[in-house]
Amino acid sequence: MNCKIIGDKCPDMPWEERPANCDRPLWRYSKNPIITKNAVPKCNSIFNSAVIPFGDGFAGVFRCDNDRRQMRIHAGFSKDALNWEIEPEPLTFASSPAGLNFEYAYDPRVCKIDDDYIITWCNGYESYPTIGIAKTRDFKKFDQLENAFLPFNRNGVMFPRKINGMYAMLSRPSDNGHTPFGDIFISYSPDLKFWGGHRLVMKTDMPWESTKIGAGPIPIETSEGWLLIYHGVLTSCSGYVYHFGAALLDLDDPSKVIARGQRYLLAPETPYERYGDVPNVCFPCATLCDSETGRLAVYYGCADTVTGVAFGYVDDIISYIKNN
Amino acid sequence: MNCKIIGDKCPDMPWEERPANCDRPLWRYSKNPIITKNAVPKCNSIFNSAVIPFGDGFAGVFRCDNDRRQMRIHAGFSKDALNWEIEPEPLTFASSPAGLNFEYAYDPRVCKIDDDYIITWCNGYESYPTIGIAKTRDFKKFDQLENAFLPFNRNGVMFPRKINGMYAMLSRPSDNGHTPFGDIFISYSPDLKFWGGHRLVMKTDMPWESTKIGAGPIPIETSEGWLLIYHGVLTSCSGYVYHFGAALLDLDDPSKVIARGQRYLLAPETPYERYGDVPNVCFPCATLCDSETGRLAVYYGCADTVTGVAFGYVDDIISYIKNN
Amino acid sequence: MNCKIIGDKCPDMPWEERPANCDRPLWRYSKNPIITKNAVPKCNSIFNSAVIPFGDGFAGVFRCDNDRRQMRIHAGFSKDALNWEIEPEPLTFASSPAGLNFEYAYDPRVCKIDDDYIITWCNGYESYPTIGIAKTRDFKKFDQLENAFLPFNRNGVMFPRKINGMYAMLSRPSDNGHTPFGDIFISYSPDLKFWGGHRLVMKTDMPWESTKIGAGPIPIETSEGWLLIYHGVLTSCSGYVYHFGAALLDLDDPSKVIARGQRYLLAPETPYERYGDVPNVCFPCATLCDSETGRLAVYYGCADTVTGVAFGYVDDIISYIKNN
Amino acid sequence: MNCKIIGDKCPDMPWEERPANCDRPLWRYSKNPIITKNAVPKCNSIFNSAVIPFGDGFAGVFRCDNDRRQMRIHAGFSKDALNWEIEPEPLTFASSPAGLNFEYAYDPRVCKIDDDYIITWCNGYESYPTIGIAKTRDFKKFDQLENAFLPFNRNGVMFPRKINGMYAMLSRPSDNGHTPFGDIFISYSPDLKFWGGHRLVMKTDMPWESTKIGAGPIPIETSEGWLLIYHGVLTSCSGYVYHFGAALLDLDDPSKVIARGQRYLLAPETPYERYGDVPNVCFPCATLCDSETGRLAVYYGCADTVTGVAFGYVDDIISYIKNN
Amino acid sequence: MNCKIIGDKCPDMPWEERPANCDRPLWRYSKNPIITKNAVPKCNSIFNSAVIPFGDGFAGVFRCDNDRRQMRIHAGFSKDALNWEIEPEPLTFASSPAGLNFEYAYDPRVCKIDDDYIITWCNGYESYPTIGIAKTRDFKKFDQLENAFLPFNRNGVMFPRKINGMYAMLSRPSDNGHTPFGDIFISYSPDLKFWGGHRLVMKTDMPWESTKIGAGPIPIETSEGWLLIYHGVLTSCSGYVYHFGAALLDLDDPSKVIARGQRYLLAPETPYERYGDVPNVCFPCATLCDSETGRLAVYYGCADTVTGVAFGYVDDIISYIKNN
Amino acid sequence: MNCKIIGDKCPDMPWEERPANCDRPLWRYSKNPIITKNAVPKCNSIFNSAVIPFGDGFAGVFRCDNDRRQMRIHAGFSKDALNWEIEPEPLTFASSPAGLNFEYAYDPRVCKIDDDYIITWCNGYESYPTIGIAKTRDFKKFDQLENAFLPFNRNGVMFPRKINGMYAMLSRPSDNGHTPFGDIFISYSPDLKFWGGHRLVMKTDMPWESTKIGAGPIPIETSEGWLLIYHGVLTSCSGYVYHFGAALLDLDDPSKVIARGQRYLLAPETPYERYGDVPNVCFPCATLCDSETGRLAVYYGCADTVTGVAFGYVDDIISYIKNN
């Protein structure tokens, strides 16, 4: 293994070896989807969700659209990170800044910094989308912080440690609608409350990501740089196709792109990715990885309907980025 | 049974009991789809169609798009309301008002008032959509009446009896295209020719119906009010999703909404609803119900391609509306 | 004079002879605009307004957008039909059908049938545009009737007498926005409440009216047919241009077009038509005419800002229609 | 056989007899899809591709989108026209006119005229789509000629012989995007370099082709006229549906349409046509046919993802066109 | 005078008394426009510009689009605030944060806090609009700070003192284009570098401001609250109309709106507001006011072409807001 | 004079010296507009028109939209090139290729090659715009040739001599509508019938031309290269602005741009350019120039309503291009 993951071991993470006929850097779990709407009552779909090691098992925050088609996020727990107990009720905040009322929440990410688990998500503020932030230590009591930015923003993704003494977050400024544009920017904060030092990280580039891109899981620290898995969207003549992409960012200044894969990592192919409430969507939101073996499990939303997992080696993916 | 259906018995209507693992107010017939394009020669698809008890069996009017993709409606007959003989030729009118020429017809409904079966549909007039009306007594000879409204209108649905001495019709004013807006209005007529007293019944509301709503089957008279099953459309980031919804309207003034379900009744889930000429469509157009048992069968178009049936109890649905 | 106006004399109507160098069927009043926002306090603009002989002078209903830019209609009176006293407050209704609340009102027309003055206008209903109707005998007390149609409609224009025992109204079905389409239809009513027998009168045709057309003043009855002056809109590469057009309709069946002018009658040319809140608009809303001399005065909105008058002879205009 | 194919025998072309229950003029190969992305490494999809008899077997040019989602064309060879060896690298040009650089290439067609195989495709020029042309004799060395037209154009399809001494090409002028319009035109050239004499052949017509039409395979010369198979697109309320259509063109003046089928030949129905990167697409690009038996095999792209074959008799199709 | 301006005297500010026939809260300078493109060589237009007392006269920052139609800002000086000497070259920065390159600059505002003059403007960053910030003490040497926000933002307007120890800025989040939406938000910063505590101040409301609103001049501190003059845009059927509006914000928490005028303060009326590069624009960007007399001069862009001034009394305007 | 015009003397061309206060490369004729709609009966506007020396005076082809708003071209004659006699009837063709019927014609150019005057214009073909061509020797008898290109194209402008033995034409491929895009291409022909060798000349570049560009007058041959005056369009937040631009093209290969002015030559400023049927349009279509003095007169359409002239020196303009 040439490239070393800088982080914890995770010996109990899920794993399946690469199938014999597969020459791609990622392969799907054979029992996908791992989570369907049946995990929560009165639920329409569970997808675009985030997991993380917690205690002697795993915890997560899940996007569960209910059968009013309202967008809500729920906490959940698992021993093996494959079979999940998801709370039947959406998570609520023990405290919130004055003036921030709950409207809707979707596409959560979870990041551990020191002893805190920091949740970020697309948060409705005065009916406009921006980046919400909350802290928890036990996935039961959540305290909401100030929204990171003015509207309109989506896909806010924290780095898992301070960089040059500052919290750092990727995000995708956008507008008031699902309009087809968006690039990835980085912003810094001394205190998770005031944000500045905004810089562009990446614009859309190759055809598979030509419409818009957005950060996916929390970036993975490696000896080569931050490994960023992201989604890239192509507009076909009749709808969108969401792919996984990957890039390597400078450890000290993540606005510098060291390498960026010209090829997608994964594209919709199976029935559960090809059709559902939004056809042709693979949307990565979280990873588990083990610094000892270099194994990686990517959790991703499928067709805005169910949740799947794909496996790979961090090492392979970084080679793939550099060589393609 | 708390809520009484005001209407005829229908002991021969199709029925299947609720599957063991189902906690929803409606469940699909296990042999869906019941009608495919094979029922009519040179046909592209049969969907969004209406059935009604007739003689000692059932009759119906079916939307059969042909392989020119022209939209036509055909009469049909059945003994069991599951296996249908559909006329190979579109229905034609024995008489029509001067100036109304046939252009296209889609999404029919059938309503019995006194001895007449009244057909309403989306009718092309000068190439614009409005609500066509016809009468029949035998489903063989149809006499066309005046169009109910000026263009642009769709989803005209009659009430099954006069209200305060007037014919009453729900409809959805819209524009010259499949543009994403539309609310439900009610209008009255002394004679099925002149229409007025137009009132709003419901606007779009919950997320699953946030784009547009339109009346579905003929409203069902109950001791609690008129049970209206309707379709509600959500615009995802890459297309529409059509759900069933339900509401309860005042018996004497149906523009008053007594209760309205915040949750959908049914959403696209099976392959025959998920893909077809228009993916993710469940479009209810007719019901059969039995006043003795409270059983309900909803006939609905699936993915603008085939026709399915779902079952439930009127009583359950009204509870579901009130409690959700 | 070959063509006879069927109607009253109006010897006191405003008049200016045709300028020497003018070869067009209509010519502008040399003191245009005759009405500006100064006629009403806290007013933004007065345009698209209707006048009619009344008592020993004239009365009218005026579109006065206020400085909230709300659209309101005001009554007004004049001795000479050029200098107007406009009520400082919008008109209100002494009675209204239950369920119809005032939202907004614009582009009024006034029609006399027997002893009643009937006002029609574009009326906000549930925030959607449709045709409002009211009656008055003194331009002080107005009683609102039912809206004529379902939304979405604009430019409702009554005929000045019953036709075959029915009230008749032209209108332009449209959608929920200023979108660029619209044709003229006719509808009938036995009682001003229930409307039916809808027929197409004219679609858009020549380039100057290729985007949309809408009826203008109350049609003028002549020995040759109904003279209809209407507006026709062309979409340039950077905005709209509103022209006057004219057509002749059959006296007994006005859905039959006897003749229609291929050339516009009047197009924006003067500064007060060229610029204002909406540049390049000439929008005819009312006429005065004198059956003895054949003189015609057309009242029209200029650039959605002020009100002007143009003069001509009915005879000339009908010749112009027939010859062009 | 009433209608005679004017052309070579092709006894080794693939064939399956019509299934018993099929009454359509075309039927699908039972082992479809015949080509998937697995035929080429790092490939996303292989579709909209062209084949032709070559030597003692077959050759072809294939649209292979790679996993950058770049659009490229590759040469390929087969003994049986079902199992294909496709070159792993895109084809390149031994020579090109100065100023023409490779940008992208898609939807190729292959035509044999005298001893040359002429390839046409949608060619990126200054990032705009137009019709590229190349010649080969061995499918190894390709020489690029001038683009046939100015941008914006797609679906350039040669006739397989000169007509009145001129090369002839069908094409679909369009714009810089996948916008929903397009008709079929014909153009002539004395030398494959300069083009003129442009004439309309067909506009969109029936509902199944109401959005846009484009020529498909090289027209087939028959005793009745040129048989043109083309694609016709309908815009549903939530996306496109691509069908096969067919028409018969005059042998001497192909801008004259002798007959045109009002019904589609084939519409998306199987899972591999219903879903993929673009749902509901059947896109015909090439045929093999045998003048002795009248057999026809149509090669077509399925859902912009894989390649399929359908079979029929030329005779039947021409009857179908004339009778429908 | 009921309402007291909290701020400096400005006895030399320009002034003209209210014309006799004017009953509006603001009136135009009789010699408008005061600045045209002739003030700068190779200039297309000078508008949407900011002025402030400086030394014994006045200084300003001016939007000067050049004859490449590039958007640039220039410093300028004046003795009387009516006749301006504008630097022929755009202003440049003595220092800038790494990574911020000049792209374009428009619609500047100037604010004095302690001894610094702080310039904010719409700043191009990676070709996207956001809020740029710079400091100067002499209007000759300008030091650029970090951009305040991620793209996409416009109309960033500072408060003229810290509030609760924090810098405060109004802005209008928007998207990558001149698309018709936008509300006013407030954000805070401890250091002009990191920003947070984002709250909504006002959404669009009355018809004259129904499309979008944006803060105009630096808010004026009064005994009643912050007087905010802003622009409100209405979309007519053929373009935009930009008006002045005004509101009163709470001194300690400016996200609280104490009063807001339902009527516009000023609307396009004169030729230099009615036509130019963008017709029908009055765009306020700066004020001068004198705490002794309560006099106010509003500097505003006219038709995106020239610069004008309007006069009024702060007292009157606040009454106007409260009473309308 | 550094730069020599290669061409004829034209001592009788109109001329006015540069006004004292003007530092621009072009200045307007003090008596503009020179042609209004009054020159032709039943005319709406005369603009975007072409003139050329002819006999002992001048001839021209004029865009005269009539009062049906149909777009037509008329021949005209003048002694001084300022006062024009325009034929009251549109020009017609003595002969036309079979299949080409007259639909509409606009924006003509006139070019002399050898003894022929070649007219090009935007020609309606099957209701789509493309480039029409005709020849005349006397401006009385015109023979129509084949359209140069497939739809969709506009602004076809010939070079005034063969280049490398070929006719050459600039044009702007576009789409079926006034949509905002367009670059300039060049094409060649051996015979004015067949066209090929298509190459890009220039794309949109500076802000004033960022939406679309199109060739204007016939290029002027100079010792430095071809001087091309063209129009460049900027999209403001509320409409278009059309400017003049200029570039210098290589004499032997005009697809090579030697120099291109970053600044516009002329922008709308006067009332007759600011308002009219399309506000803010300066559209150059023809020049007269005198090789002895280097004087240039540019004929241009103003606001799509009238025709104006601007003067300058070829030498100055080329310096301006090179220096800006």
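The letters A, B, C, D, E and F name the chains in turn, as written, and every chain counts its residues from 1.
In this text, contacts are C-beta pairs under 8 Å (C-beta built on N, C-alpha and C of every residue); 3 or more make two chains touch, one makes a residue touch a chain.
All values reported here derive from a predicted model rather than from experimental measurement.
Visitor: If you check the contacts of chain A and chain E, which chains show up for both?
Guide: none
Visitor: Fitting the CA atoms of chain E to chain F, what rotation angle results, rounded to the nearest 5 degrees?
Guide: My answer is 120 degrees for the C-alpha fit.
Visitor: Using C-alpha centroids, which chain lies at the maximum separation from chain A?
Guide: Result for the farthest chain: C.
Visitor: Could you find the chain whose CA centre sits the greatest distance from that of chain D?
Guide: E
Visitor: Between chain B and chain E, tell me the centre distance in angstrom, where each centre is the average of that chain's C-alpha atoms.
Guide: Centres of chain B and chain E (C-alpha means) sit 56 Å apart.
Visitor: Give, as an integer number of Å, the spacing between the C-alpha centres of chain C and chain A.
Guide: Result: the chain centres lie 60 Å from each other.
Visitor: Mind checking the centre-to-centre distance between chain C and chain E? Centres are C-alpha means, answer in whole Å.
Guide: Their C-alpha centroids are separated by 42 Å.
Visitor: Please set out, as single numbers or ranges, the residues of chain B touching at least two other chains.
Guide: Correct list: 239, 275, 279-280.
Visitor: Take each protein chain as a node, join two nodes whenever their chains touch, and name the resulting shape: line, ring, star, complete or other.
Guide: Drawn as a graph, the chains match no named shape, so other.
Visitor: Name the touching chain pairs, would you?
Guide: Touch list across chains, by label: A-B, A-D, A-E, B-C, B-D, C-E, C-F, D-F, E-F.
Visitor: Could you please specify the touching residues of chain B with respect to chain A in the complex?
Guide: Against chain A, the touching part of chain B is residues 23, 206-208, 210, 234, 236-239, 241, 243, 262-264, 267-268, 271, 274-275, 279-280.
Visitor: Which residues, counting only chain E, touch chain F once they are in their complex?
Guide: Listed in rising order, the residues are 41-42, 44, 66-71, 178, 239-240, 275-280, 304.
Visitor: Would you pull the chain C residues touching chain B in the complex into a rising list?
Guide: 99, 125-126, 128, 130, 146-153, 171, 173-176, 179, 181, 183, 185, 187, 189-190, 193-200, 203, 255
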